[in-house]
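Here come two complexes built around chain A, the first alongside chain B, the second alongside chain C.
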Partner chain A sequence: MHRTVRTLFTLLALIALGAAAAQGVTIGVLTPLTGGAAGTGQAQRAGFELALEEINAAGGVLGAPLAIVIEDTQANPAVGLAAFEKLMTEDGVEFIAGGFSSGVTLALVESFRTFQPIVMWIGGAVSGIGIDGFDGIEELIGQEDWFFHVHPWDYHNVEAATAFVADTGSQSVALLHEDSAFGGPGSAGAQALIEGAGLTVPLREAFTSTLLGGTGDFRAAIAKAAATDADLLYWIGYDSDVVPLTSQVRELNYNPQYIFGAPPGWPTEFAAAPEAQCVTGLIGFLPNLPTPEAAAFTTAYQAKFGAEPDNYFSALAYANLWAYADAINAAGTTDQGAVIAELEAGTFRSPIGDWSFEPSVVGKHQGFTTDLWLVFQYQDGVREIVWPIEKATAPLVSCR
Partner chain B sequence: MIDPTLVLQALVSGVLAAGLYALVSVGLALAIGVIGIVNFAHGEFFMVGAFFAYQLFVSFGIDPVVSLFLVAPALGLIGALIYASTIRFVLKAPELNQMLLTFGLGIILQNLALLVWGGDPRTISGIAYRSIGFQIGPISVGLVPLASFVISLALVLGLYWMLARTATGRAMRAVAQNRIGAALVGLEVDRVYLVAFALSALLAGIGGVMIAVIQSPTPTIGLAFTLKAFAIVVVAGLGNIRGVLFASLFVAIAESMVATLVPNGDTLRNAVFFAIIFVVLVWRSRRVA
Partner chain C sequence: MNPAAKRRTVPWDVLGLLLLIAVALFTPELLRALFDRASVSYLSIAINALSLAVLALSWDMLARTGQLSLAHAAFYGAGAYTTALMLRHLELPMWLGIPAGGVVAVLFALLLGSLTLRLRAIYFAIATLAFAEVLKSVAHHAPTSFAGGNAGMNVAPLFRPTFVAGEMERWEVAFLRNESYFYVYAGLLVLTVLVSIALQRSRLRHAFTAIRTNEDVAGVMGVRPARVKLLAFMLSAAGVGMLGAVEAHRIGSVLPDQSFAVATTVLALVTPIFGGLYTTLGPIVGALGLSSIQELLRRTFDDGYLIGYGVVLVLTILFMPRGVVGTLGNAWRKRGAGKPRAKRTSDDATEKPGGEA
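Entry: the complex of A and B
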């Protein structure tokens, strides 16, 4: 009797294991598909879908097709938390990808700790480095074995931006920033680094982004910047702030030598707008990046979606999913320890070039850092890469 | 030391911003004052107007100055359809049901916009006049804010005239005062409501075209302006259409002054209008008591 029951259980266990193997690995993705940051979320989805198609065409993961479950965070902390817990409890995923918004990420920290899946995160850049009394994502979970941060931290962004600003020869910088977990710490870090490079910052002024309830009237902040007559206007905000901010700079007759913006993405049609001329910005990927990886990704993306990948989060999402696929295949199992070891040891493909995880100032696993960033300048409707010089497709021009 | 140029610029910017605020608010005030319904989807009419202007530009190259005359009637028609198919059935229902209905309509419109245009900010790219500013001494007056102020002022004053001098306007005022009395003297109350709701949506549509020029429309763009409109309608007095213009000026100038004179003052704009609502409500309740 006992033997029969044991045999039955063994058979059932084997069937269950077989079913699981046939189902293959599922990665849970958190991204804002709707709401004010939906543009970035949709770009991430495109990157994930392209990578998924290529991974499965190449044989999938552990011999079965890879699957992804995408949950919408709406860039809203409460919605993001519910979406993550759904992935953990209902979908039973062991791997989390995607991510956008430091606010959402900070809200997820405790829940990440509770469930402890492997989290390979391409958004949420806020770190507390250089800010007294503030713990960012890096300080809170950067040292966890299961947390892998792909996107540069905000101080990496600021380091790259500051290096560019210093290279322009500007003497003074007016800093305008949106007032959330994205722009606040970023601008504080920027001010410290810019002043450390010997430049002056006569103004650091906060505004409410149109993404977070602002009406897009930035004239008060711009008028204050104009009153300083700074050589360079440096602003940190969101995609939807680009048009009102740059047009109001012209409208108020503020004519700095350079206008430098650091939103997560830029509106698609902005390149053709007259006020775009000479505006510079930081970006993680551009289709005209002169590398074979970039060209291959752009060609595949255009073939699948009929448009160029103009938001760098699509490139990061693509890199994100491929890293999971390569690490799990190299581990030969979904065992967490084995996959973590492969993620720590591996070098992964991306449209930006090969990359791997290294320690950051506090974190154990940091993917891209300062080296991700390019500075482009809108020149006659085209985003030309102007910095770093070795990747430049055109020289930087002054707005004056 | 406060820079007098900045103060003057803040005053000019505030006055010009009041035009758009008034245009968005007067439609909401019309719905509340005449029909007695708080339309939480008002900002979404505004958003749909912005996307229509964007689409007409992208598909047919129609400048927003021209598309204003296409978008406004289109929104009026959409408003009329929404009234006839949904709003009219809840007019006698509890207020909570009315609010839930309009809130739901807002969510539906937002998600339809997301399906059609996606979540990316959209830009009407080929217009040079968005960045033009006239220098008057040290003060800059933007062409688009000035034009939107003049158009808004003309529309709001035109609405005042219509309400005071035309048969439709008088019918709206009569229905607003006493629905049953108006019906007893032979007014078609339902038709008056339909016209008022369509007019409210039409005005929101015009505001939407203006916002499509000024910034990049997204499906969620309506919310910030709905909040402003509610603040202005509260300051003016619920349903007081005539008070909207002055309330808009008051709110817009107060916001602009705080944004300019206080360090990081732009982030206090929402605090300013909530403070205004608070003070006005407390003052009114004390006056009544």
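Entry: the complex of A and C
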């Protein structure tokens, strides 16, 4: 009897060990699957799932299938904190991916410092650089060995947008912006850079985004912009502002040479709307990006999900997971020091092109910078890439 | 009530409070003993549930007068910004920001209540919602050097346990931090429960019920509705202001959209409706119940768990219009209907969705 029990325990232990070995590496993902930012979170999930499928089809990580555990942050700091602590203490992960919302990221800073897993973060763009009395994410944890930031910082976004505006040949810019943490500092930075490039900014006017309780009536702000007769209308707002704002620009017969918007995402159905014609916008990835990597990603994405990737966070998530897989495989171990060394030294694949980590203003590991950004223009229902020139699929056309 | 009847009455509210304190005292260590490192995560969930309980119970205190407040996000944000501003501009102990948050929220309630509490029903609700939006807008447009403007402000944590290599594991640092926060949130809930019990045991309870039932008749009976409602509004704001301050330390920042989020007000009113209105127990049961259901669904279903959460809420409102506590209380009373009962007070005969726990 005693021997039988011992044999049984030995067998169970072996099965457990085998299961553990087969389980391999697990990456914890934090993203808002529900709530106001669910669209971005679902796009991230699609990118992670596609990358996971490809990584495991290619042999996995360290000879075993890679696994991911996705936790919903609801874009709520307190929920995000509980979700991160679950990943660290219940799921026992050593690597964290995903991320969205600077508020959630700031809530995680103390806990990141406590557990110190490797965090490769594709959200949270508020660097804090240039904001007196406020420490942003780059300033707080950018210098940590274990923190890797993939998405460009806020100043990279503004630099890219300003470079495009200057390249249009415009002389004056009317600036409309939503009045939260997203549009406020962004518009101030944009104005400084635009004026630094020798252009004039006759108007910088705030509005309340429909996402944050605004009525969706932007006519007063648009009328002020129209009165300036600026060459270019530059607006910073959210996805839900796209349709009412551009519709009201047409309704008021305001006809600047260029209309340039910088929301985090664009409604898919907007492309077919007549008011979309000639509107330009900033985006991190488009399926028609003329590179083999983009084509391969788009084809695989369409095959798996039956639709084109229309939110650039799916491309960033895909790049995020592949970078982990490549770095851990190159290290040959999950030892933190070895993986950090590989992340610092490696060049990684992505639908946008090869990328690597370099120092930023104060951060040690910054992935994409201004080079991520593309400017597209709606031309006959298609988002044509018009900037930078070397990636353009069509020339920029004037709205007049 | 005659003295003999008073002697026979079991002080369930006080016993419940003592039970709450006892459970709170042992919860962190019990979780650690049962779940080891996973206790960190469970404590975090418990803290969020306690936070919801404080918010819901505070909101219910005003609801007992029949007024529907949509201003609680404003009080929460006012508390959060008060502690952040004190940290930035005054060299005072960090802990003072918590009571100061409560005081500022009470002052805002006094200001808003003085102007709006003569409005009734939906008109009062609209005025309070507008107030929350005004404060959010003020926070957005405040000078960056003073209150951070759109970018918000950093808020230092109340607790920062130190990791000692070789003597502890990293999760133990997180446990110590969560344990400390748990006691702060539990203390805040105990304080809120004490205020609620004091209200329920005082003559104000009858005034609240009279105003809720018929404000004009209450006035004829000698109750001064405006003054009573103002007092309820101020008491209701105090706990939420302190909660906002504590939460700001825990999540490390205040941002206009985050601190004055409409979602805070929605949670404040949905939770007591689920648990049972006009009681001390109802909002607490609502907070613990909704937090548990949401967590359970989240861990069971990868997708669409909020649909299940919504279905639970809808079914509760449809089939348990008095909330969980009210419905269970009714069932309990029906069960004992055949037995001889103590004489009912006049207050018991009035409308009371959650019973009178």
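In this section, the second predicted complex is superposed on the first by the 374 of 400 C-alpha atoms of A that agree within 3 Å, B and C clash if a C-alpha of one lies under 4 Å from a C-alpha of the other, contacts with A are read in each partner's own complex, and residues count from 1 in each chain.
One rule holds in what follows: contacts are C-beta pairs under 8 Å (C-beta built on N, C-alpha and C of every residue); 3 or more make two chains touch, one makes a residue touch a chain.
Just so you know, these numbers come straight off a predicted model, no measurement behind them.
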Chain A as common anchor, with chain B and chain C clashing or fitting: clash
Partner chain in contact with A:Leu62 - chain B first, chain C second, else both or neither: neither
First, second, both or neither for A:Val361, with chain B first and chain C second: neither
Which of chain B and chain C A:Ala220 touches, first, second, both or neither: first
Touching partner for A:Thr34 - first (chain B), second (chain C), both, neither: both
Which of chain B and chain C A:Phe134 touches, first, second, both or neither: second
First, second, both or neither for A:Asp179, with chain B first and chain C second: both
Touching partner for A:Cys399 - first (chain B), second (chain C), both, neither: neither
First (chain B), second (chain C), both or neither touched by A:Val79: second
Which superposed partner A:Gln116 touches (first chain B, second chain C, both, neither): second
Shared chain A contacts, counted only where both chain B and chain C touch the same residue: 33-34, 179, 208, 213
Residues of chain B defined as touching chain A within the complex: 3, 5-6, 9-10, 13, 17, 58, 111, 114, 118-128, 130-133, 135, 140, 142-145, 211, 214-216, 218-221, 223-225, 227-228, 256, 259-260, 263-267, 269-270
Residues of chain A that touch chain B when the two form their complex: 32-39, 41-42, 179, 205-208, 210, 213-221, 223-224, 227, 239-240, 242-244, 246-248, 250-253, 265, 267-275
Of chain C, residues touching chain A in the complex: 37-41, 44-45, 47-48, 51, 88, 133, 137, 140-141, 144-145, 148-154, 157, 160, 163, 170-171, 173-174, 177-178, 247, 250-253, 255-258, 262-263, 298, 302-303, 305-306
Contacting residues of chain A [partner chain C, same complex]: 33-34, 70, 72, 76-79, 81-82, 85-86, 88-90, 102-103, 106-107, 109-111, 114-116, 126, 128, 131-136, 179-185, 208, 212-213
